[in-house]
Structure formats: C-alpha cells, structure tokens
Amino acid sequence: MTPKFKGIIAYPITPFTSNEGIDAAALKASIDMMIADGVHAIAPLGSTGESAYLTDSEWDETAETAINQVGKRVPVVVGISDLTTRNAVRRAKYAEQAGADAVMVLPISYWKLNEQEIFAHYAAIAQSISIPIMLYNNPATSGIDMRPPFIAKMVKEIDNITMVKESTGDIQRMHQLYKLSDGQIPFYNGSNPLAFEAFVAGATGWCTAAPNLIPKLNLELYSAIQAGDLPGARKVFYDQLPLLEFIVGNGGLPPTIKAGLKIKGLDAGKPRSPLKPLSDENVAILSNLMRTLSADPYKAAA
Amino acid sequence: MTPKFKGIIAYPITPFTSNEGIDAAALKASIDMMIADGVHAIAPLGSTGESAYLTDSEWDETAETAINQVGKRVPVVVGISDLTTRNAVRRAKYAEQAGADAVMVLPISYWKLNEQEIFAHYAAIAQSISIPIMLYNNPATSGIDMRPPFIAKMVKEIDNITMVKESTGDIQRMHQLYKLSDGQIPFYNGSNPLAFEAFVAGATGWCTAAPNLIPKLNLELYSAIQAGDLPGARKVFYDQLPLLEFIVGNGGLPPTIKAGLKIKGLDAGKPRSPLKPLSDENVAILSNLMRTLSADPYKAAA
Amino acid sequence: MTPKFKGIIAYPITPFTSNEGIDAAALKASIDMMIADGVHAIAPLGSTGESAYLTDSEWDETAETAINQVGKRVPVVVGISDLTTRNAVRRAKYAEQAGADAVMVLPISYWKLNEQEIFAHYAAIAQSISIPIMLYNNPATSGIDMRPPFIAKMVKEIDNITMVKESTGDIQRMHQLYKLSDGQIPFYNGSNPLAFEAFVAGATGWCTAAPNLIPKLNLELYSAIQAGDLPGARKVFYDQLPLLEFIVGNGGLPPTIKAGLKIKGLDAGKPRSPLKPLSDENVAILSNLMRTLSADPYKAAA
Amino acid sequence: MTPKFKGIIAYPITPFTSNEGIDAAALKASIDMMIADGVHAIAPLGSTGESAYLTDSEWDETAETAINQVGKRVPVVVGISDLTTRNAVRRAKYAEQAGADAVMVLPISYWKLNEQEIFAHYAAIAQSISIPIMLYNNPATSGIDMRPPFIAKMVKEIDNITMVKESTGDIQRMHQLYKLSDGQIPFYNGSNPLAFEAFVAGATGWCTAAPNLIPKLNLELYSAIQAGDLPGARKVFYDQLPLLEFIVGNGGLPPTIKAGLKIKGLDAGKPRSPLKPLSDENVAILSNLMRTLSADPYKAAA
C-alpha cells in the first residue's frame, strides 16, 4: 500500500498582520505557491508555523483556513503540540472536524515526562479521533526524547499511530526504526541537513519548511533518489545544503522563512515576540544564498 | 539594606478539584500551613505550581487567591513564565495589581532565544510594572540558559531586575554572580540538593517546595548557617538531603509534593495530565522518608 | 587521480601469546585472510590493534611484521597515536622506514590540546616523514575533537596531510568537509554504523575492523554503491548493521573482534588488561550473528 | 582516627631541562618551597606532574627524587595512571619501595572500561602493594567516570582503598559519597573552584597545584573552615577564586603552574610537546593575578 504522505511535506509559516492577528490572505498565498510548485503534502501549525505561540482561537482559525485553502489538492497533516493532554485532544478533534487527513503529534515538556505519561498522552489523543497520527520526536524543541524502541512500541500498541517523524538528525535513529519493524514503519525526516541520507536510508518523506524558498531543489532531490540517480542526488543535495543549514542555524525557522518569503515578494509579517525578525546581516546572507541557488545550472537544466 | 526576600521562600502547589478546576480552599490551606511553620516568603505559580499547565483564567484566579490569602503576612513573589512576551506582560501586570511584592520571570523556549530576544522580553515586562523582578534561570525546564555575565548585564541595564534565582545546581554560577558584582547582586538558589553550599557561598535565599513537607528542617538549615554553626548545618543538611533528592528525582515536584501533602492530610488533587500522580511505590518511599525525618532526634531537640 | 586508499580499509587486531608477547604468526594469518577476502588496504596499529596498550618495542615489532606480511599486495597505512610529539615522530619515522605507504595520525589527550598545539603536533610529524598522512578525528577514544574547518585548514597548510578520517559518526562533519573543499579532500569513514550513508555522501573509503568477520558483506556494500544500486546497497547494509552495531557496542572492538576470530578458528589471544575478553553471553550473541549472516540468501546469491 | 592525609595536599610539577630531561634540582626546590610554606602533604606525578607524558625511566626517577626530597617531613602520595594494568602495578610497587606513604590511582581509557575491568584493575594494584590507595575519579582527563555507588563498592571490597579523590567538580558526588558511607569514607576534592564548598560538605583534604603559587591563601581557607569562621572562609575563597579558575582554564595546569613558578623565580622549563608554554598574554594575566593576591589586605593581616 502506498502511504498517503510521501515525498516533500511542506510547512507553511503562520503570517501575522501588523497588529499581530492572523493574516489569512498571506497564509493562503503561501499554501497556493507551494502546491503550485509541486509539493506532495502541506503541514500547517508545525514548529515553523509558530503554533506554540498562538492562542487557542488563533490556532483554530489557522487550522481551518489552511485546510480549506488546500482543498484536497494534496493531503494535509496538522501539527498538535500542547502542554496539556486536555488541549491537545481538543485541537486534534478540531483538526479532524475541519478536514485534516492526519495529525502530527509532538508531546511538549515543562516537567519531563516519563514513558507512561507520554504513552497515555498519545493514547488519549488517539482515542478521541479516527484519522491517523504521525508520532513526532523532536527533543530540541519539545524537551522530550522518545527512543526508537519506545516509538516502535507505541506504533504497535496504539492503533492510529501509523507514521513516525524523526527530527533529531541522527541517522542511527532511522536505522533502528527500520530494523525494529523490518522496514514496515513509515518514517519521515524532519532534519533538513539530513534530507539526502534519510531518503537513502529509507525515509518515506521529508517534512520541511525549505519549499517555501527552494521547492524545485527539494523536489529534485526526491526525484533523483526515486530514479536511483545517486550522483545526481548528491549534486543537488550539496547544492542546497548551505541554505538548508542556514534556515535551521540562524534564529530559527520562523524568522528565516518569513524573511525569505519577503525576499520572494510575500510579506508574512514578523514572528511573534520574543522571537525577533531576522537581522539585516542575515537577510543579506539569505538573499545571496537564494539568488545563487536560482542561478544554479543543474536546476536550470532540469 | 536588608533584601525583602531572604531565607526560605516556599512554593505552594496549585491544587485541583476532581473535575480539574482550581481548588482554592486547598491552596489557602497549604499557604496557611507554611506561613504557620515560619517560612519567610511565598512564591505561587512557580514550576511546582504547574503554572505552565494552567489556562489564563486559572492562572489569574490562582494568583489572586494566593496573594490575598498571604495577606501581607510575608512577602509574595509570583512566577511568570509564558512563551509569548505579550502574555508574560499581561500576567506580570495582573500580579502587580493583585498585590504581589515581586515577580519571578522565567523565559521559556520553543524556539531557542538569543540574548537580544531574552533581553527584550525582560525589558518589556520590566517597563510594564513597577515592582521588582527576580530573574530566573532554569534551563532544565525552560530550555534557555542564561550565563552569569549575561545575567549581570541585565541586572545592570534593566532597572527593576533586582534579584537573581539560579536553578542549574552549578555552584560555579553563584561564584560568578558574586564575583561579577562584588557580592552586590542578591542571588537565590533554586536547586534543592545545593541548598547548603549555596547559602555558604552567599545565597540570600532558597526557593523551594520542600517546606510543604519538612519546613522545620529547611528553616533549621538556614538558622544554623546564620548562626555560623557549620557542623550543625552540615548535620541538618545531610539529614534532609535524601528527601530533597527524592522530590526532584521521581516524577517531578508537582506529583511528589501533592503526594506528600496527602500523606500529611491535605488533599491537593492530582497533577494535570500528561503529568501523572506519584506511583504507589514512590508514595511508600516518600512516606517512609517523611516519617524518618519527623523522628529525627536533632529536629526533635530543636 | 585515483587515491591510493579507497574502498574497504581493514584493521587487523594485534594478537598476543599466552604470556602477553606479540603473536606474529596469528597477526600474519589475520592479514592474509583479509587480503585473500579482497580488502583494498590494511591498517595495522589502529584502535582495534590495541596500539595504545603496546610498549615501544612491541609497537615496532607489530608494525614491521604487518608491513612485511602485506608485502605490497595492497597499500598499508599505519596508525600513530602517542601522547608525546616526540614518540609520535619516532613511530612515524619507523613506519616509513619499514615500508608503510601512509600513516594515520590520531592526536591523544591527557590534558586537552588547543588548536595551536594540535597543529604543531601534526606539523612536527609531517616534517619528519615523506609519506602521506591521514588525519584522524576520533574524540571518543582520543579526547580531542577537531572540527571540519580546522581539519580543512590543516589539510591546506601541512603538505603531506592528504586524507581525513572521521570517526565521530556525524554525517554533517562529512558534509562540511565536502563543502569546505568542493569535494576535493578525500575523506574516510571510521564509524561502522555510518558506513552506508558515508559512502553515499562521498566518502572515499571505510576504515573498519568488520572485515575480520564479515568481509564479503562489507565489500558488497561498497560494490553496490559503486554500481549505483541503491536498493541493493540498502539491503546489504541493513543485513550487516546488527553486527556492525554489536562490534562497537559491547566491550569495544579488540575483545569483540578477537572473540569473532576465535569463532572463525583463529586464536588471537586475549586483549591486554585492563581490557577483558568478551563475556560468554556476548560470545554467544556474536556467534549467532555471524552464523545468520553467513546464511544470508543475498550474500549466497552474490 | 585522624587520617594521615588531610588539609592541603600539593602537587609539584615535573621540571624539565632544556634538552627535555628531568630537572631534579628544580623538582627538589619546588618541593622544599611548598613544605616550607606549610602544605600538609606532597603528591608527585599527578596530572600537574605531566606523569602521562613521561617514559618509564623518567617516571621512576621523578618518583624516587620526590620521595627522597620530602624525606618524611610530610606524607607523600604518588600518582599512578597507566593504560595497562601491568605497568600500573609496576609503578605502584616502585613507589612503595621508594618510600611512598600511599598511591593515588587513576584508571585511564583508550577503550572505555566497564566496571568489571575497572574493579580488576584496582584489585590487581591493591594486591601488589601494602600501602593505602587513594581512588581517583577524574573523567575529564581519564575518560572514565566512576559514580559514587561504584566507588563505595570498591572501597568496601578492596582492602587497601581507603581514600577517594573526586575531581568532577560536582558537589553532589561528595554528598553521595558521604551518605553512602555515613560520613565514613574520607574524600578529597580535586577541583580547585570547588575548594570552599567541598570542605564545607566534609572533604578531608584538597589536592591542588595552587600551593605552588598561592600557598598562604590555600592554607588560610582550610584554617578558617577548621575554625568555623564562615565569613572569613568565604572572603579568602572569593579572593583566591580568580586564580583558581585561571589555572584550570587556560591551557591546563602544567603550562600555567610552570609559568607561575617562573614569575616567582623558579625556572621549571617548558611542558612537554604537544603541550605548549603559556602564551605571553596569559603570562601577563597570571602575573597580575599573583601580584594582586600578594597585596591582599586580608592575607597581609593574617
């Protein structure tokens, strides 16, 4: 069976108006742009979407706007990350009712959670909805690290967890997920600089904000690997690597992607305080990186 | 000038009713108990108070209830930790209007914050209130680590930051704060197993949830050090250390303190999901520790 | 120009007699076995060869025996790791005179070294010999971590450093070496569980002790990648991964490889104290892993 | 029973002549100086003594020279750290025969050692000598970390391990050693910036290279604590802290202590390559720190 989610799964940002409201028009425009560019799925309200910084009503508005705008052109997976189980359940139900194809669930810590607490959190969400769950591990932002054996156990014991997203950037985690399930758990890579090797190791998809800025290079990497063209994949990966490293290393994804969209002509506003817009110096570097990649002969020829 | 906050600064838990509402009666009882026991200040809505897991209206209710219940018998410092600057400002203003003597501000990360972002976060809160701020560093829960030189800079440049709470448990951080300010920045220790040495190194106070369970031992440690009784302080510290280690090492403070209060006869309800109540096995260990400490001859003689 | 060292670069163990002398006969047998199996180069006196545990005269004897036994059938790179620059220079000169094609230099720390000290250490060795140096980074054993920009600087500024071996297991280090040199620095992978992705990312060779036990699977991985057969490479990699993980994760390489050779019929003695032989329990696991891999249908068909 | 080793246990450096031989005259002078200053014991061939960088014959010469020069004026504990059990045993026996009162044993790793291997290493040394062993934990230089429960087990099960030196700088390790033995295991602190709190927590002694440079301040700290003068101890600790931090933070102890001795008029030569002498810039900082501390009014008055 072909998984519903595969290939390039793109995160939109959450644009804000000048008075810090949700800018629905800019959100729609960013989604339309990435679908037109050919991405295989849309993932609103992820880390890039500043979901952690939204009020509940803003979150609901963003989820509904994004799902409606996609309009079934590609599948939609909505990010769910809330400190309390109660509100995570509420958001998951909201996303399902609004038409999401799946939810991507990241447990969040203030106090560290033990495995029983994490399991119960996932189970409560799973029981409240009927759409699939993509289990999401990202200790750098969430403060919680779920190791592959525990992930494999949850996939086995909780019915609608059917996908795993790994964002540690550690390729050995993917090896372990593969071996623990004889290659049967579809896993997705959430670490941009690992995009090439994760696909090689068997990842089903790449969850990334990069298609906001360089969708063609992202898609070409996936195509080259699908076609078994190892030298071509290596070339297109190393070409885009400086940008992939830049967007995760300089102030975080929201400020960087918003700055990059502005360079492309779409004003998505500022990230929400305490996050600050990308510095002028970094905007200049990003602008230069984007210009270089647009002029790449490989990409031009493709 | 004697600092307003010194000695044993106690965190109350936030008790919940069986339907997950705020149990104001239990909150009041826990505060009265600790004031009767002799603690020097009360710090509601800290980590122990599960403030990260409360809705805004629950937070406001808890702040107001706690401040009113203390009723100026001892000073009150209210914990402020919110991902957005906007809501941190709102809470700080609410605490001031409700009568807090100070606020204790912990910046929180989803995306890591750089120093400019942290500075602006504190400055925005500081400008919105006129009561003092206790800057609070606790990377283990907040995901943000502020090093002593940066802390000293903020204390110097932002007027109403007048106190620093350090919870890394690294005594060298306190040494650095001391040296960077010639002993002029009042610093407070938030790591229970470091209580003894932090006071020895010059800490003005100890912010702790332990007085919910063993207030006399906590206060005796402070008294012995004030009296220059090093052997006595060492003895009473090592006596209480197993309990201090237990409450931070087995499921986090909220479940453990709530379990300990129940052993003492005060039902503060369960922690909020995904946090789970202390396991039966750990309740038994805690009960035994508390019984042993109550029978301690040193304490009995005091 | 084709690099002299490429593909599968195999580490022999250093066999000991029952009275802890060098067992030259067993060393020769292990080298002959791996050359007969088809490995592309031999690297005596690496970590697997317990070089850190040898006296100077034992080290010299092992170097000379190994180089002579290879007898130019494949290239030889000799491991040099000594705390003092003086003795590292002495060993490098000895290896050159004994006929080594290259030396692989790992700086070792008791006191941490700064970059000036590391640079001077490499420069002193380089000036004393005329054969090429493979710079070797392995902080887990050496206590010294050389980051890619510093490595690239040394490659550029010290004439006979012409190769880099990276054993951190972090694929991003290889990406950086590639980008820093436009793909011009030949880099070698020293982390067994990273073998597949390192080759995919452009590694010239894989330095490994695994060919002592499963040479055909190691060579097949390299062949499949050279042939652009991504599914085949993935299959043969995942097949051998449990053994690759086992040999680095259970008591270190020397005890494990010596135990595996004994299973294959070659008695190489015990590792030197304080290292202990592999436990009986682990010998049983290893034996089972080796039997399973020998019966692998893919390998049988190849 | 009063432990033989207590108070200030001073490390001499190992001075080298200009042609890299042992400079016995300078070694003797440095020992005489510290004994005259009043230190309570001498510990040659520790980390500061560059023992890891000496040949066996140099090591033997240094041990014998140091022990003879002390001449029973104070107790001597000789550092033993060798990768192989065989040579560690040889050195321990040599030290005993040369008249050492105890040996301080640090296991060293190239390959990580498991607890069985570490235990066997200590047991082999213990069985070969009849003088006491100070077990020494210092993962930063040795690569091996022994946790308090394992240390307590070795103290209990291996007869002549009677003292523990802890150099992690983590005060909680000392708390655990204290609690695990009801205060019965004498523990010694090897982390200079922890000197004050370690004594407060119950340490029997402080193993340090600082008495080469500021013996009076080191001794005053110990005296103040013995006298129960907490404010005095705090003052003299904070006074010397900048120097204590400097000597461990800028190029390691051997270069820094040798530079400081030269400032005092004793030329101990250069550290052995790859270690480099302290940079001119750091020599200036050190010189200034030493001058400031000599002029300290507290010290002058004492």
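Per-chain residue numbering starts at 1, and chain names A, B, C and D are given in the order in which the chains are listed.
As a working rule, a contact is a pair of C-beta atoms (placed from the backbone, for glycine too) under 8 Å apart; a residue touches a chain by one contact, two chains touch by 3 or more.
Predicted, not measured: the structure shown is a model, and the values here were computed from it.
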Touching both chain A and chain B: give me those chains, sorted by label. none
Per Cα centroids, the chain farthest from chain D: A
Just the number, please: Cα centre separation of chain B and chain D in whole Å. 38
How far is the middle of chain B from the middle of chain C, if each middle is the mean of its Cα atoms, in Å? 52
Hey, how would you classify the chain contact layout here, line, ring, star, complete or other? ring
If we use the touch criterion from the header, which chain pairs count as touching? A-B, A-C, B-D, C-D
Chain A residues touching chain B - in the complex, by the definition given at the top: 20, 47, 52-53, 83-86, 107-114, 116-118, 120-121, 124, 141, 143, 251-254, 272-276
Can you tell me which positions in chain D touch chain B when the two form their complex? 169, 171-172, 175, 178-179, 183, 193-194, 196-197, 200-202, 225, 228-231, 234, 238, 241-242
